[in-house]
Amino acid sequence: MTDQTQLIPGNTLLTNSPEEGRALAVKMARLIIKITQPDAEMREKLRPKYANDAAMLIAIGQTVAMEFATIAKANDYWKEEVK
Amino acid sequence: MTDQTQLIPGNTLLTNSPEEGRALAVKMARLIIKITQPDAEMREKLRPKYANDAAMLIAIGQTVAMEFATIAKANDYWKEEVK
Amino acid sequence: MTDQTQLIPGNTLLTNSPEEGRALAVKMARLIIKITQPDAEMREKLRPKYANDAAMLIAIGQTVAMEFATIAKANDYWKEEVK
Amino acid sequence: MTDQTQLIPGNTLLTNSPEEGRALAVKMARLIIKITQPDAEMREKLRPKYANDAAMLIAIGQTVAMEFATIAKANDYWKEEVK
Amino acid sequence: MTDQTQLIPGNTLLTNSPEEGRALAVKMARLIIKITQPDAEMREKLRPKYANDAAMLIAIGQTVAMEFATIAKANDYWKEEVK
Amino acid sequence: MTDQTQLIPGNTLLTNSPEEGRALAVKMARLIIKITQPDAEMREKLRPKYANDAAMLIAIGQTVAMEFATIAKANDYWKEEVK
């Protein structure tokens, strides 16, 4: 079973839209957890702790906000996008 | 029951005013919680934990501040707006 | 009793001075708490928790610092102001 | 006894040096605590909690880092200063 | 046994791709822990605490997000990269 | 015994390399702790709390990341440096 961790899907911060950029932020945040805790079984065991604890849900939101700030800037805030 | 989660309403960071930008920041923060805990019943159960705990209210405020920093920059701080 | 919450007083990030910008940061941080916990009585009950707990006072300080960073940038750091 | 709180000493973010800018960051962080807990006696009572708790000392450091980021940018990082 | 700690591998923030930049962010975060706790045995003892605790995994994610923000900016977000 | 605290060694944010900039970030973070808790004996007593607690090590890492973001920007990310 190979488990080739990739930190940034597609190896680029550029996305077609804010929505895609936001999804990338979520993925990047998750991949850091994956390389820090590579054991899939343990991650599965920890998952309910994230999802059922208000403080952790907020902390995850902060992490995504940080990643998204970088991605949004990389894409010049998608100002040229058709709305 | 379809539950098509959208991470960024309208798929744009651009808003007409600071007030609208702030409201978007609040929504974006909430939508991350929604995709992390997709079970509406569980979210409803966690809601009083957010709203009645001083530390969590502050943490939510920090999340919104982070999201808003990105949105404000995307809109060049609404400097051109009529005050 | 109407309770028309306004997220950003005056609907602008522009202020006449750093002092006013700092006051706006404090207000913006408080208004997020207000919309997250709209019950005034509950907020009143939580207030001593903020003010008498060292960790929370620090966390409030961090929130204000984040909001102020955005406001200061919006005002180009008031570099043109008479000192 | 008047207690006219001032959020930003001198009402400016501009300082003559990085050292002075850092001192301003410390002061600004403290003044937010002062307006959130205006009771001097209570603040005095909380002081040992800050200074004798490792986690709080770190959190204070983070607050100062945030304030300083804004001040440093306002001063264009004092690049023109004589070293 | 020499233990010459290096805070930034290669002494540069510039990388060839977002993936490499992300890996650098992870390394830089780890190296700060190493100089704060230079005892390898103690670090080894603490490792399961990081990897098996949901709150710490999130906090590590936030640290990496912060480091990556700086690295991404240093590389102008790898906009010129072939995708 | 004089104890002239200096918040920023050399009173400049400019360094010759990323490695030196990172070391400055570590020093600046420590000096804030020093002025908040000026009693050297108490700091010495708190030191093992930092170094042996996983959560605190992470928090210290976040503080350094914040300080480094400012220093890196001040140095234009050392882009002109010979690698």
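In order of appearance the chains are A, B, C, D, E and F, and numbering begins at 1 in each one.
To be clear about the criterion, a contact is a pair of C-beta atoms (placed from the backbone, for glycine too) under 8 Å apart; a residue touches a chain by one contact, two chains touch by 3 or more.
The model shown is predicted, which means the values in this text are computed figures rather than measured ones.
Chemist: When you check each chain against chain B and chain D, which touch both of them?
Modeler: C
Chemist: Given the touch definition stated above, what is the smallest step count connecting chain C to chain E?
Modeler: Graph distance in the chain contact network comes out at 3.
Chemist: Among all chains, whose Cα centre is located farthest from the one for chain B?
Modeler: With centres defined by C-alpha atoms, farthest from chain B sits F.
Chemist: Chain E and chain A are one sequence twice: same or different residues at the contact, by the over-half rule?
Modeler: Comparing the two copies, chain A and chain E contact each other through largely different residue numbers, since under half are shared.
Chemist: Can you check how far apart chain E and chain F are, centre to centre, with Cα atoms defining each centre and the answer in Å?
Modeler: From the centre of chain E to the centre of chain F is 16 Å.
Chemist: Using mean CA coordinates as chain centres, what's the chain A-chain C distance in Å?
Modeler: Roughly 28 Å, centre to centre.
Chemist: If you look at chain B, which of its residues touch at least two other chains?
Modeler: 50, 55, 59-60, 62, 66, 69, 73
Chemist: Does the chain-touch network form a line, ring, star, complete graph or other?
Modeler: Drawn as a graph, the chains make one closed cycle, so a ring.
Chemist: Beginning with chain E and continuing through chain F, what order do the ring chains follow?
Modeler: The cyclic sequence of chains is E, F, D, C, B, A, beginning at chain E and stepping to chain F.
Chemist: Give the list of chain E residues in touch with chain F in this complex.
Modeler: Residues of chain E touching chain F: 6-8, 10-14, 28-29, 32-33, 35-37, 39, 42, 46, 49-50, 53, 55-56, 59-60, 62-63, 66-67, 69-70, 73-74.
Chemist: Name, in rising order, each residue of chain D that touches chain F in their complex.
Modeler: 17-19, 22-23, 26, 50-52, 54-55, 57-62, 64-66, 68-69, 72-73, 77-79, 81, 83
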